[in-house]
Each structure stands twice: as C-alpha cells, then as structure tokens.
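Chains: A, B, C, D and E, in written order; residue numbering restarts at 1 for each.
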Amino acid sequence: MTTARSGLVLDIVVDDRDVTVRLEVAHGETLALLGPNGAGKSTVLGAVAGLVAPTSGHVVLDGRDLTGVRPHRRHVALLAQDPLLFPHLSVLDNVAFAPRSTGAGRRASRSAARAHLREVGVEDLADRRPDRLSGGQAQRVAVARALAADPAVLLLDEPMAALDVDVVPALRQVLRRALADRTVLLVTHDPLDALLLADRVVVLERGRVVEDGATQEVLTRPRSAFAARIAGLNLVAGRWDGRAVVHGDAVLTGLPSSEPLPTGGAAVAVFSPAAVSVYPQPPSGSPRNALAAVVTDVEPLGDRVRVTTAVGSLTITAEVTPSAAADLELVPGAEVHLAVKAVEVAVHAARRP
Amino acid sequence: MTTARSGLVLDIVVDDRDVTVRLEVAHGETLALLGPNGAGKSTVLGAVAGLVAPTSGHVVLDGRDLTGVRPHRRHVALLAQDPLLFPHLSVLDNVAFAPRSTGAGRRASRSAARAHLREVGVEDLADRRPDRLSGGQAQRVAVARALAADPAVLLLDEPMAALDVDVVPALRQVLRRALADRTVLLVTHDPLDALLLADRVVVLERGRVVEDGATQEVLTRPRSAFAARIAGLNLVAGRWDGRAVVHGDAVLTGLPSSEPLPTGGAAVAVFSPAAVSVYPQPPSGSPRNALAAVVTDVEPLGDRVRVTTAVGSLTITAEVTPSAAADLELVPGAEVHLAVKAVEVAVHAARRP
Amino acid sequence: GSGGNAGKKVLVVFAAASLSSTFGDLEAEFEAAHPDVDVTVSFGGSADLATQIRAGAPADVFASADQETMASLGDLVVDPAPFATNTLQIVVPAGNPGGVRSIADLAEADLDVVVCAPEVPCGRATREVAAAAGVELRPDSEEQSVTDVLGKVAAGEADAGLVYVTDVPPASRDAVEVIAVPEAAAVVNTYPIAVVQGSPRADRAREFADLVRGEAGQRVLRDAGFGPP
Amino acid sequence: MPRWLYVPAVLGLLFVLLPLVAMVSRVEWGDLGTLVGSASARDALWLSLRTSGTSTLLCLLLGVPMAVVLARTRFPGQGVLRALVLLPLVVPPVVSGIALLATFGRRGVVGPTLEVLGLDIAFSTAAVVMAQTFVSLPFLVISVEGALRTAGERYEVVAATLGASPTTVFRRVTLPLVLPGLLAGAVLAFARALGEFGATVTFAGALQGSTTTLPTQIYLERFADPDAAVALSLVLVVVAVVVIGVARPGRGDT
Amino acid sequence: MPRWLYVPAVLGLLFVLLPLVAMVSRVEWGDLGTLVGSASARDALWLSLRTSGTSTLLCLLLGVPMAVVLARTRFPGQGVLRALVLLPLVVPPVVSGIALLATFGRRGVVGPTLEVLGLDIAFSTAAVVMAQTFVSLPFLVISVEGALRTAGERYEVVAATLGASPTTVFRRVTLPLVLPGLLAGAVLAFARALGEFGATVTFAGALQGSTTTLPTQIYLERFADPDAAVALSLVLVVVAVVVIGVARPGRGDT
C-alpha cells in the first residue's frame, strides 16, 4: 500500500520548530494526523503544500520531488487552520476560485461552487462577503473551497473546528465522499474523524512520529500515551443485516449513524469499552447484545480496570471499576458474558468494502 | 438570582444580522450560550463588549447603561473566536498587557502573566512571538490573556476550540476556578462545558432565544431541538461519600473526573441515558449501580425509545431500542431495575454547594 | 562672508543671479576695507528678491537685473541708481553644430532655438531685438530665465539661444560660443542698485552701493563683460 | 482613539489650511473667468491633465512590478536598490531634470541612440511625461510596496495551493487586495505629476501647447500677472481635490 | 510572483537608475573634495540636515494625529478634508511658498499677530522649517493613514476590552503596529524636506548659514558652477540613500 513510487512520501526536518517527520501516504489513501497542540501537524501540512521550507529532507509526490516546486504547481490544496477566505470575493466566488483558476468558465465554476456550498449547508450565504460570516460559517465555506479545488493531494487542518455539533455528522459524510480515492492528509482532534475518514493514522508528539498504523489498529490498540487517551474503542467489522453487524458467530445489534447503510454491505460497529457490562451468567434485560467471552487479560488503567476478552476470533475490551473486577473474580481464563446496549453501538458503513 | 439591578441585562436587536435577544446574567453567574453556527452567539458577546452596535436596545451592567460607553470603560474582557494576539508583543507581554494597562508595574504584571501562562500549560512559550505559535498554543495564550484582565464581566467565545482533547479537562479546571464568582458569558459547543462551568444555559437559534434555564434543567430536559440533540443527560446531584454520589435512597457509584473531590462535598453524577440498561429483575454482574424504578413515560425518539423512570424522587431516563422496549413490555407504571456501569458515571464537584 | 564671524556687523545684499561672480569679488573687497563687517549676498531672480523685500526680507542693499523690477518696489527702496548695462547676444553650443551666423538664422525651422518667455524681462528684450532685426522667432522653448536658456544651449539640447552674455558664467565658457548681435545694441538693459528703505544699517549699505558704482566696482563689472551705466 | 489627539490634529490642519485659505482669499472672483479662460491657461491645463494621466499610467505599468519585486522577493542589496528607486523623491526636481538631460538629452548617454531610432525627445510632450514619471514613480512604488507588505502573502499562498498560477494569483488576488494602496499610490503619483515643474522646465522646456504645463504657466506668471498665477493655482487645487476626493482610500477592515 | 513582472520592473529600475548614473558619471572625483568642502556647501548641508530633522519631527507630531483622525473617525466632509490636507503635494512648491508668505509673512494673515508676539518668521531658519514641514506633511499623513487602515481596528478593540485606555491603546498597540508605515512616512517626509527648494527660497529666501539649504545652493549653482551643483547633488543623494537604507520598512507578515 505504501510504495515510494505512487503516493506521497515525506521525510523532513524543520529545525526551528524541532520537527523531524518521516511518513508515507499511498495514492488514494487518507491518512489522519493526530497529536497534541504544537506537535507539528500543521508543520507537516505546510511542508507538503510548500509553505514551510524544511531545513532538510524532501517531499515526493507520485515519484516527483517537490523540493523547490512552487505551491501552485504541486497540485496540493490546503485547508489551513485559519479559513483565510479572500476578503474581496463573495462566498460564491471564493469557492469558484479554484475551478476558475484552473481554466473552467465562469458559469461552470459558479455552478460547481454552488453545489459545494450546498454540500456544506451554506448555499444561502453565496452572495455574502466573508467579513459578514460567523466563525463556523467561514469554516464551512473554506471546506467547500478546498473541495472545489479537486486536487491530487488534499491537506485538511482541523476541517471540523468551530463547527457546531449539529453539522459535524453531515459534513463528515461530505468529506467521506470527497476523500474517497484521493490522497489526503487530515489533521484532527477527534478519533471518530479518523475512524470514519482515514485508512491510516499517524500520531505525532513533540515533532516526532510516535505511532503509525491502520486506523482500526491504532484506535483499538493504541501504543502511544496520546492515542490511548483519545481512542481505545471497540471496533467490530462485518456485514450489516439490517439490524446488526454480523462477524462470524458474533452478532452486534446497533443503531446506524446517519449515512445510508445498505443491507448486506460492509459495516463496522463501534462502542466504548465503558459501555460493555460483564456478567457471570447471561443477563436478561434491555441490552440487546449478549456475547459469551473468555477473559484474556486484566490490566489496571488508572481508576479503572481494562478487561480484554476473546469473543470467538474477536477481541473486545471492557472497562469496569476495580471493585467490579474483584467481585466478579475476573482473571485470565474466566468465562464471562458481555452485555452491550444497542443504543451504545454506533454502526458506520465501512470505509472500504 | 436574575435581578435587573445587579448583573448584566441585555436586550438588543441587530437588524443586519437578524438577531433579537433578551437575556440576563446575575452578578457572579456564569451563563452558557449554545446554538448552531450563525445563531448569533458571537453577536451577543460583541454587543456586550461594545464591538457590535445594536440597531436598538440596550446593555445594562450592574445598573449602568453601557449604550455608548467605549469598550475600555466597560470592564468587559472578550476572548474572541480568533485569538488576535498582539503581533508585536511576546507571548508574555501579551498576557501582561491587561495588568500593565490597568496600572500594575512591569514586574508584577509579568509575574502575574507567567502564572496565567502556567495555568494554561504554555509557560515555556513565554518569550515567543505570536506568529511562531501553533493554532492551539495561540488559543491557550489568548485564554491566559483574557483571564489576566480580571474583568467584571468575562466573555468567552469558544475558549476550548482548537485545543487538543488532552488539555481540555485541565483547562476546564482552570476556567472553573477563574469563573467562580465572576459574571461570565460563555459560548460553547460542548454541553460538558456548560455543565461544568455554567449556572444557566441559553440556547440561541436563528438569532432568537429558544431556551433559557438552569443548566441541569436544560441539559436533562431540553425543550429545543438543538439542545435535545446535544444534551439530554442524566444528572444526579448529592454528596460524595468517597465511592458514590448519595441522593436520599439512591446511591450512584461513579468515577470522579480529574478535579479533587472532597468526601462529603456536593457532587453531581452525570451519565447518558444510553448507558442505562433496563431489566425486569435485579441484575447480577459488573454494573455497580442497580436502581429499582417505576416507568413514568415511554416516548419514541427517532430510531430509539426514551424511557423516563422515577427512582424515589429522582427522574432518570434510559434509551433503549424499540425491540428492547417491546420485549420488556415497558409501559408507564411498570416496575423495572436500572443498571448503570460505574465507569459510565462521571462525577464532578457540584458548581455551587 | 563665511561662518564663524560672531561679533561682526553684518550687511545683507540681495543681488540678481547674473551678478553672482562679480558680487562675490566685490564682497571680498568690501570686507577687506571694512574688517568689522560681514557681508552676506543672497542671489536670486530679481523678481523673487523683490517679492521677498516686499514681504519684509532683511535686505540692506538690492541690486536688480532690470529697472522695472526696481521700479516696482517704489518707496521700499531709496535712490535707485544704475550701475551696469548689458545687451543680448546669441549663444550656441561649442562647435556651433547648427551653423548659426546671425540672428536671421534663428528663424530657420529645423534649428532648435530657445529664448526667454515673454512674461520675464529678458523675454521682452528678446522680442524687441527680434523686431528690430526684422526676424520672426519661432522658439522651441520659452524659458523662465536667461540661466535656463543658457543651460539648454550648454547641454547641447538647443542649437541657439538669446542671452545676456554677462549671464554666461565662467564655468560655462568652454561649453558655449558667443555670436554678437548688432541689432541688440538698441535694446540696452540697465542694472540699478539701491538701499532698502528702513535698513538699520543704511550708512554701511550706502557705502556698499558706492563701492559698486565707484572705480573698483566698475572695474570688476567691466571685466565680466558688463557695459557702463 | 484618545481624544487629546484632536489637538495636534487640528493644529496640523490649520497649518495646512491657513496658507491655502490665504491664497484663495487673494483670488479676484470677478476676473476669475478671464484669468483662467485664456487660451494659454486652457492649453496648459489640458496639457497638464493629459501628461499627468499618461505618466500615472506609466507609473502603474513600471511601478507596480517594481513594488512587487521589492515586497515579494529577497536578494542581497535589496535595501540599497530600494533607496535608489526612491531617490527622485529627495533629489531637487531641477537636478532630476539635469540628470534626465544627461541621459536622454541629445548629448546624453542614450539620447544619441534614441535619435538614431528617430526618437527626438527634446522639447516634446514626451519629455514632459518622462520628467513627470521620473519624479512620480517613487510615490507609487512606496505606496504599493507598503500595501503589499501589510497585506502579507497569506492569501496569495492559499490561492497558489488552490492551483492558481502566479499570473492568476497576481491578477485575481494580489491586485484586488492591494487596490486601496494602489489607488492611493496612483493618486499621489498623479498629484505629484500635476504639480511637477522643476524637472519639466529643465528637461522639456516650455512651449505653449506642447510643453508648458499648468505649474510652468503659474511660475511664469507669478510676477508678470500675480492674479492669474493665483487663479491658475486655484484651478490646480480644484483639480487635485476632485481627483483625490474621487479616488479616496477604500474602507478599512474593522 | 509571476516572473514576467521582472521585465517591467527592470525597465522601471533602469529608467530611474540611468539618469542617476549619468549624473554621477559627471562628477569630477578629483575635485570633489574642494567642491563639496567649501564653507558655503558645508553650511548648507548642515542647515539642510538640521532643518529636515526638525521638520520631520514636526510632521510626526502634527501628522500622526491627523492620520489617526482621518483613519479612525467618520464625519461628513471627511473626503474633502483629506483632499485638502494632501494639497501641498500637488501645489507647485513656489506657490506653496507664496501661500506661506501670504499667511505668515509680515503682511500676511497671521504674520502681524506673530510679529506682535515677537515672532518674526519669514526669512529665518524657522521659515525654512515651516516650508519644509508644509510640503512634507502630506507624505507622512498618507503613509500613516494607509498603515492604520490596513492594520485595521481589531487589535485596538481587543486592547480596549482588556481595559487599556485609548491613550494606552494608542501608545502600546496602535503605534507599534503601524511602526513600519510610520517609519516609511518619516523617511519620505525627511527626504522630501531634504530636497525641498521652491517653497523655501520663496518663503525663507537664501541667506548663507540661516536659510540657504543644500537644494537652494544647488539651484543657485546649477549653471554658474555645474560641477559644484552635481557634486552637491551627489552629497544629497548619499545622505538620502543612507537615511532610506537605515530606516527601511520592517518585515511583512507571511
């Protein structure tokens, strides 16, 4: 998946920011960049876009060394942390800027721009000047503008920041469509963005890569402190049968998130370890999901205990209080029954079938 | 609590933004402003700070009409959505600006500034120029600068935006200390901010107030569509006995969030309705909390069913799938047992004892 | 005069720019005769200087390049008296690239000719000379002053110009050639000098005017090409 | 804005306005028509407007690129180069005229070459335009460079990542963004060209209809016909007020 | 930056530099010392530096407040006022001198009042400073107003909500933010004052040591002693390059 020939290879040192990063993004792959403030995420994006000159190293896109190539010849669109809408153009013309600049006619550009504005839910603001927008509205327009550029590589720096919780799911769907089959570097603070949009996750800390792996791998079994704090989810990939995600013997009833989820299609069920109850006997009650499991590992995690279990070929973790772990005599090898409420299981269409 | 004499009374119309808002903040009270993008939250803050001139109406602070009063005489500090750090001053001098401007000596101002920087976790950046900060670092410095102003009224526009999930809890503690006994208007997209920091919540939609009430009231029984989507939590206020929150007969074991929580102190247990399992018999297993309850209301809510129950004098809601509701024959009057895992119950020190 | 003469009495002389070389010598001569006096000469266009005097400039002596300007000051000056004359002549760039021989040649269309504008005294004189010679001048430029005419010719920009030859400074003598104009004898321009009314140093001022009009002054002026008054 | 700033501001205003009022108060309004309406005055005004307009255009064509190069590139000796470009500001106009003569005059450095090409600049309207351009260019360069620096490169960078070529960025982002500064610079250049006199008379001479601009006319008549000079100055002032007033700087952002 | 912009930029540069080079090439380096070192030349240079410095200071004191009022307030007739303030740019310097005489001269509008107060301005060094201030003021006002408008009010607003009084905001935020524009304006004003000649001779005359500035000296000697004039111009140019080079615009934001 990550060959040096096709896709993006970045290997840079930026001395004055103490950033030394090497990473690869395969052609058509979406890579999520996670990490605390000041970790160097924006710096990496800047280096790809040609806005930050690395002290040494190189950026290679599809075999072409971008060192010294001017930004507009890189075919790399950047949605920066600051929306930076052109103040002299209307919202519509801001979004139409990229198509216009790359040769499309005024008409075609505008109607494309209008479609993009509709996607992010601000079509009614088309004629406004950017200085008359609220913070979140400006952010959405900036997203539309970046999407309209239709670039080979798309760099998104916290595209969901400043957005109200209400529009985030919808915008996530928009991005999901837009990012499919595009080479994308996505900076985010939300593991759900990573899960839904990214194939792989790279975690930066203090200017260094501390974790790099497939999204599900990193989110379920984080190795870095930062990833552990924000992730550690249970993910069950399988097929959606209309009510539940089926993976071999395991059947996980859940509620589909907003996107259309075709019956029989690939899906992933996501639930927090905290949502998993552990019983000595099969429970009867509202929880729709009851799974027989064998404890494989018990590990204290601050004020709670992380219980790792095997459900057939699946690994599912539960978080319980130390007193519960003691009462239930949870030790490796113990046979238990797990219960998860269906309303705590979010089901998403799997990114790649 | 909300008298017109003491505290902030705002009653404004801003025609060109279609904003018509009337709200009051009592002296020493923190009011959270929620609402979708473009609802008018920043506009309200701007009107209080004197940056947006209302078409009509007035802003009265502690009995003083602020109409026409110039910003620096309002004793109102604004942390805007954009950090707007002074580009010609170092980070330290940015934070020291307010104390210096209000008469403190250079030394005293700087050491106060350093303390504020420490609080937000960026003391090591004191000598940087703002243009050498990452997005989140700049946001934190802006928070420190606003706190250093020590104003009569503090206006915070999404103070947690752009921050990595890692620092949000710590910063929330900082704000919590800083906001106590101050008159504050806090714009946020996160109901947890509202819960932990605010006494009251006002929800704006399309430039109008659609909800206004005590935080717990709005978060537990939201009436507006927007509040319902972001809130609807179970809150149980009581005393912390070291392991659980005790409210009359009800005892809710939970995990304290990071702040120090004195045994015997007032506390509030917070858990999502989705985390509440419903059983016909008392369950045995990991869930630490089992509560006998009587169903008072069953109401479909999109793809799930909201079950309202009475546990003694408490109201606790559970969300289950329609099939679970049918299986368990949940109808008003039914006697059920609720189970909530302790790890799903976050316990916070109550804002006011 | 020069700096560092604190304690000396001063005398301020306003003189037409065309007098700059001669009055420099006369200043030195006067200061030699009056060691306690420091003479400051302010050169400029006569009309400019007159305007300044009218506006109260602290001049003690005024030497104008024409009588109209002096007359325009009326009571502001005391007893103006002529001290020099001059007449117009043709100047051409060194080597005479236009092949000019007489004033009649100046009517040729393919020659670049510059003269003074009719608004200024030398321009009026130029017209009178041309009329006397029966030549119709079609100048390519009408300049503000003799100095400007000379500048254009010296730079080789123009092929010929009409100037007072006394206005040709020594430094420019290599750059231009002079051709006499017999017809100009009829149009004589006279330089008057006067003490400025109300001068607190009227005695000293009169002494300077006397020096200019006297033996020594006339010698210096004659050497510079001026005619007698 | 601190209110005490009004005190020096009003003082400054008075300092500028009093002389203008004093000048205007000298105008004999009854004769104004005759004074201003003479053929020579009309010729001079028309020539002034034409040449100032042309030289402003030239300033834009040459000066905007110069400003962009100064603001957007870095090279050794840039500081010296900027200082050199701004020199016509400090050199007295008459000296500028001499320098132009030394370059483009018949015996100048490139003058003979131009003459061979059939371009005889001396005493032509073209010389007036060149003199005006020479003294006005720094005004435009300074204004535009300042505007470019203040606007910063951020928007240009965004535009480039959106795939716009440098030319497109220049046309659709850079120019519109600095438009207020550009307009201000053009107004300054036009005003300076309109008032230019010293370099013009020295380099181009003065002939009614082809090289005598309004300031030259004013200078000529200041003693011969002071009333006409004052009246013509008034015309210049009115033209300038109209031009500056029409092309006032755009609104600032708030 | 599109590369083709270099073509007009280099053309513009040549247009400005060639005349300067041509002028410099005329300097007879051997005689330079004598030409420049004369007592009168030294007096004139020293006077020029002193008066230009003083008038730049005056421009700052009067002009910065004027620029702030123009940029930060809105009132009817503001456009006309701005145009009026900029008029000294367009009025030929000699006319400015006449206007100043008509105001502050002995027979001027306020001259007699000043005389009663014991202030006799015309033809004194003070008059030189006033003439230079009059013609330089618009440069400073324009530069600073432009910088103020581009900087916008956002930071001032933030400072005000942090409790800073308008004076503190002005001192600690406004001034530092527009410092590059302010420096540029001061340099322009200084340069203009240094090159000023027409208004000075008219209003202040030309008395060695007290009112004969370097440009006046150059003007007087331009034909009488062209070598000296060119040499003195060179001195002016060097002074200007040093001043402009030292106070070059600050770095732009990226």
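In this section, contacts are C-beta pairs under 8 Å (C-beta built on N, C-alpha and C of every residue); 3 or more make two chains touch, one makes a residue touch a chain.
Because the structure is predicted, anything quoted here is derived from the model rather than measured.
Chains touching both chain C and chain E: D. Path length between chain B and chain D in the chain contact graph, taken as the least number of steps between touching chains: 2.
Among the inter-chain contacts, the highest number of C-beta pairs connects D-E.
In terms of their C-alpha centroids, the spacing between chain B and chain E amounts to 57 Å.
Averaged C-alpha coordinates give centres for chain A and chain E that are 59 Å from one another.
If each chain is reduced to the centroid of its CA atoms, chain A and chain C end up 89 Å from each other. For chain C, the set of residues touching two or more other chains reads 51, 151. Within chain B, contacts with two or more other chains are made by no residue at all. Chain contacts: chain E has residues 108, 154, 165-166, 169, 222, 226, 253-254 touching two or more partner chains. Across the assembly, chains come into contact as A-B, A-D, B-E, C-D, C-E, D-E. Residues 35-39, 41-42, 81-82, 133-137, 139-140, 157-158, 161-167, 189-190, 226, 229-230, 243, 253, 255-256, 274-275, 277-281, 283-288, 303-304, 318-321, 323-325, 327-328, 337, 339, 341-344 of chain B are the ones touching chain A in the complex.
By the touch criterion given at the top, residues 1-9, 11-13, 15-23, 25-26, 61-66, 68-69, 71-73, 79-96, 98-100, 102-104, 108-110, 133-134, 137-138, 141-143, 145-154, 165-167, 169-170, 180-181, 184, 188, 191-192, 194-198, 215, 218-219, 222, 226, 229-230, 233, 236-237, 239-241, 244-245, 248-254 of chain E touch chain D in their complex. Within the complex formed with chain D, the residues of chain C that make contact are 47, 50-51, 112, 114, 117, 119-120, 139-144, 148, 151-152, 155-158.
Those residues of chain D lying in contact with chain A across their complex are 154-155, 157-166, 168-169, 172-173, 176-177, 179, 253. Of all residues in chain A, only 49-51, 70-72, 74-78, 80, 84, 86-89, 97-98, 100-102, 131, 145-146, 149, 151, 155 touch chain D in the complex they form.
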